[in-house]
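Next come two complexes built around chain A: one with chain B, the other with chain C.
The block that comes next holds the complex of A and B.
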């Protein structure tokens, strides 16, 4: 509860600062916030668009939340999402039928988990700092996936994209004329599942214990290596799903951009969501929905308040900064 | 404890406000006209709803790309002024933004929605189906059988013929008989560039025979790199051509073509020159600024003209779906001029991607280079342009692979690499 109030307070401070910045920049703060937080709710098309934007952020947020719970800074969601998306593209290449969908999940999740396992094993058995190794893995994934997407799997008809998901394997909009697919519910289910895992299962208990006090956990018989591997493994799965869904459940492109534009930055947005949600899976879910709303709001800010496209990023940055301050405070209290 | 937290927050807030105030003060000083422009339009949107709206949905990259997006802005802002429309611009961060942006635009009952670039083809198709009463225009794309979509296409073969003539005449002036073209993927759109270019070169050959009584036979090399985003490949292809003695290379290969510019400028600089030969020729936008002095000119697709025309149709109630083909006659394609370069650089300065001091330097270098090319060459190119505009000269347009191969043989193109 305290954490929730904390988040709310940071949000209020951030919004106040954002209003000042908007005013100084010559935009009407009321119009800015109206188009950001009210307009998206005025039409089902806008609401569903916000949910679709939030979908991958929920999943990558879970990756970071799972790490945070175990006291780890898993920055690897970014690269694991790329690998998941690559998996979906490979599946589309191998199977031209509905089979491509399950195959996407199998290959995408496997690749993402494999990507997560490298830093996990390095951390568990060699003590390599996970921040450094995950960032490096992100870059390797970035260039590897760009190379694959623009060579083997490139679309001869549309050079900026990979081949498309076969039509029968696509997750199509549930409501015609919107962007809401089953992918959103997959993400919500994942958040609930991770919540249950952390709160009710033995693995979750071990992760939490190790996160609160690694030394005490080790003495109590919880090996650090197991904690690291489980945390990264589960994180790899959720990020992998995020990548797969960006290809299999995003109308109308149903493909990966060869410059990775449609997966780029999702892992970092996930970190924002998990931080806003204070590492709690349900908090992360809420925060991701909020970020999705902001992204949708940015669209309307451009149209109504005539702000530049980047302005929403300024507001996001302010919020994250304010929240980071509160996080430090929480740690100091320990 | 709580006082400390509060203290930190206040400190952060103060710092943020200070930093943003400084930033904005600087920005405001740098471009006073932009901020002044924004607020009146912003307030107008709330007060008067009777005015029509033109929406421009930008491709990834958005404003400041010194290419399609900037040109679209140029055309749309002119149209907005001339036809009393309100201009609303929407950026796209990823291709996932295309459809939501189009929907947002379509929902507000606009006069016209312009989608910039063929990458939005799928999204426009979808949005046009969902909103059959809204008028859409897509630049460089093709959405067939929809009465509410105007697909604007350019006759690149005509523009390519002009730069082909320019390439050959320039080569002749520098005692060289080899020209080349580097292309992207082997797709029908690019055949127009290849054949048009070759046609222009042969036209120049006849022109030289007529005016100077000399029978020169140009060798035309062509190569399809198979990619639009691989500058290294473009550089390699251009280097191979330069090694064979080619002195003007036209690129129609997107970002791959940036490597052509590199190769040409490097070869020129290695020979101790600050301007060509060898020369490159740019494509799509005015690319003369990329390697000033080494880029002879560019074959521009005038997206601004296209957007303006579409807006005119929509504003006057004459909008109809189908294909709008723009060539030299309509001003839809053109060889870049020094004025175009100036205008582009102004747009770049406005969007913050070009520094004013750099712009001046670039214009000077390009001007010097252009003056080193004799006037009769530019006049000859203009003569060809007039011929095409009047319909006297017909530039071949290959639509099938058989036609392509036939034209290729007729015009004597030589594969390279």
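The block that comes next holds the complex of A and C.
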């Protein structure tokens, strides 16, 4: 409850500071916030679009939350999402039938986990700081996936995107005319599963113990290397799924943009969600839904208040800054 | 021969932003505070430099403004870390998110273009002057940290704040100002990118350099002089990637991966030898 209040407070501060920023840059703050927080609720298409926007953020948020629980700063969701999306594109290339869907998950998750394992192993066995190594992996993935998307897997008919998922392998909108697919429920299920895993399973117990007190955990027979590897492995799975869904459940294109537009920035959004949600998987789910709403609102803000979409990112940055101040109770226990 | 000379010059020029940010972070961390928001500070510095340089019609004023904004944001991070005892890593991440958002937003709001603005010619500054400045700052920082009373006070605050406090060192103030000055150098590195080195400001102009600077801090074992060597290593791979591109040796995307792969390999190789300040990241409170 206390954490929830802190998050509300941080939102209030961000809205106040954001109003000043918007006003200085010549936009009407009232119209900005009206289009961001009210307009999305005025049409069922907008609401479902907000849920679709929230879907990958839930999953990348879980990646960061899984790290946070174990006392790790895993910033690698961004690159792991790229790799997951690349996996879906590779699967579409290999199979022209419905088989491409399960294959997408297999290849996408494998690539994302492989990407997560590099920083995990470097941390476990060489003591390399995970903040630096995950960011480096993100940039390597960025250029690798851009290269593959614009060469081997490029779409000869549409040079700005890759080949598409075979029609029978796509996760199509559940209600025609909206963008809400089964992907959303996959993400919600993942959040519940991670919650169960952290609260009720042995792995979760070990991660939490190591996150609260690494020295005590080691003495109790929980090696730090195992904790790092499990945390990054599970995180790689959820980010990999996020990447796969951004291709397989992404109407109308069902492909990856060669400039990575449909996966870019999702990892950072996930960090925001996990921090707003206090590292709790269910809190992360809630926060991601809220961020999905904000980003859907930002699209209307762009059209109605003529304000750049990125204004929403300014608000989110301020929110996290306030959270850093208020998070002291939670983090001083480390 | 000429190509090798170009590579050497490029290496030195590419090293500058990493060197400035790394030297700043060494100062911050030596005092006991972690700031992983260098990437955001660099971005903001690059943006503010062009914005103010453009309006004021002078690159130097742009550089000064970027430095000053970095100093203010550093004071904010320092206040959160030192007085409020907030989480320093979270605050650093917040700075990165805020910087990325503000610069992408600002480029559109100010110039009405999406994510890319050429620096006007009157706002450019001399790249060689800034390069000399960066290397001089590294040398001066080494001198201050290892040869002056102030340096002893800073290092004591990061190693054993209780002992430092007991002999009359104001640990709070030392940490606050070390964090502010450290952050200002990262922003200065950003201004160098947009006003001298790349002559453009984009929403991801820093391209991971803030994090490469964090790697350089560890590589240098918190020594500003060794940070020069580290920055040159990273600068070499940055320059090499453009060099290979010009000569068409490998695809553009492959060469762009080089600095990041090199950083990973370097940090994986040197860790274990590196020894961070003992009270790094731990808030200090009076008994």
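To be clear about the criterion, the second predicted complex is superposed on the first by the 324 of 334 C-alpha atoms of A that agree within 3 Å, B and C clash if a C-alpha of one lies under 4 Å from a C-alpha of the other, contacts with A are read in each partner's own complex, and residues count from 1 in each chain.
Just so it is clear, contacts are C-beta pairs under 8 Å (C-beta built on N, C-alpha and C of every residue); 3 or more make two chains touch, one makes a residue touch a chain.
Since the structure is predicted, the reported quantities are computational estimates derived from the model, not experimental observations.
Peer 1: Go through the superposed model and pick first if A:131 touches only chain B, second if only chain C, both, or neither.
Peer 2: second
Peer 1: Given the touch rule stated above, what does A:159 touch, chain B (first), chain C (second), both, or neither?
Peer 2: first
Peer 1: Quick one: classify A:210 as touching chain B (first), chain C (second), both or neither.
Peer 2: neither
Peer 1: Mind working out whether A:25 is in touch with chain B, chain C, both or neither, as first, second, both or neither?
Peer 2: Both chain B and chain C are touched by A:25.
Peer 1: So, A:70: does it touch chain B (first), chain C (second), both, or neither?
Peer 2: Neither chain B nor chain C is touched by A:70.
Peer 1: Between chain B (first) and chain C (second), which does A:321 come into contact with in this model arrangement: first, second, both, or neither?
Peer 2: both
Peer 1: Touching A:261, do we find chain B (first), chain C (second), both, or neither?
Peer 2: First partner only, chain B.
Peer 1: Jot down the residues of chain A that show up as touching in both complexes, chain B in one and chain C in the other.
Peer 2: Common interface on chain A, chain B vs chain C: 21, 25-27, 314, 318, 321, 325-326, 328.
Peer 1: Where on chain A does chain C make contact in their complex?
Peer 2: Checking each residue of chain A against chain C gives 21, 25-27, 73, 75, 118, 122, 126-129, 131-133, 135-140, 143-144, 146-147, 268, 271-272, 275, 307-308, 310-318, 320-321, 323-328, 331-332.
Peer 1: Considering only the defined contacts, which chain A positions touch chain B in the complex?
Peer 2: 13, 16-17, 20-21, 24-28, 31, 43, 45-46, 49, 52-53, 150, 154, 156-161, 176-177, 179, 246, 250-253, 257-259, 261-262, 264, 296, 299-300, 302-306, 309, 314, 318, 321-322, 325-326, 328-329, 333
Peer 1: Which residues, counting only chain B, touch chain A once they are in their complex?
Peer 2: The touching residues are 1, 4-5, 8-9, 12-13, 16-17, 20-21, 24, 28, 35, 38-39, 41-42, 45-46, 55, 60, 62, 88-91, 93-97, 99-101, 103-105, 107-108, 119, 122-123, 125-126, 130, 184-185, 187, 227-230, 254.
Peer 1: For chain C, which residues count as touching chain A in their complex?
Peer 2: 36, 40, 80, 84-91, 93-95, 97-102, 104-106, 108-110, 203, 207-208, 211-212, 214-215, 218, 251, 253-254, 256-257, 260-261, 263-264, 267-268, 271-272, 283
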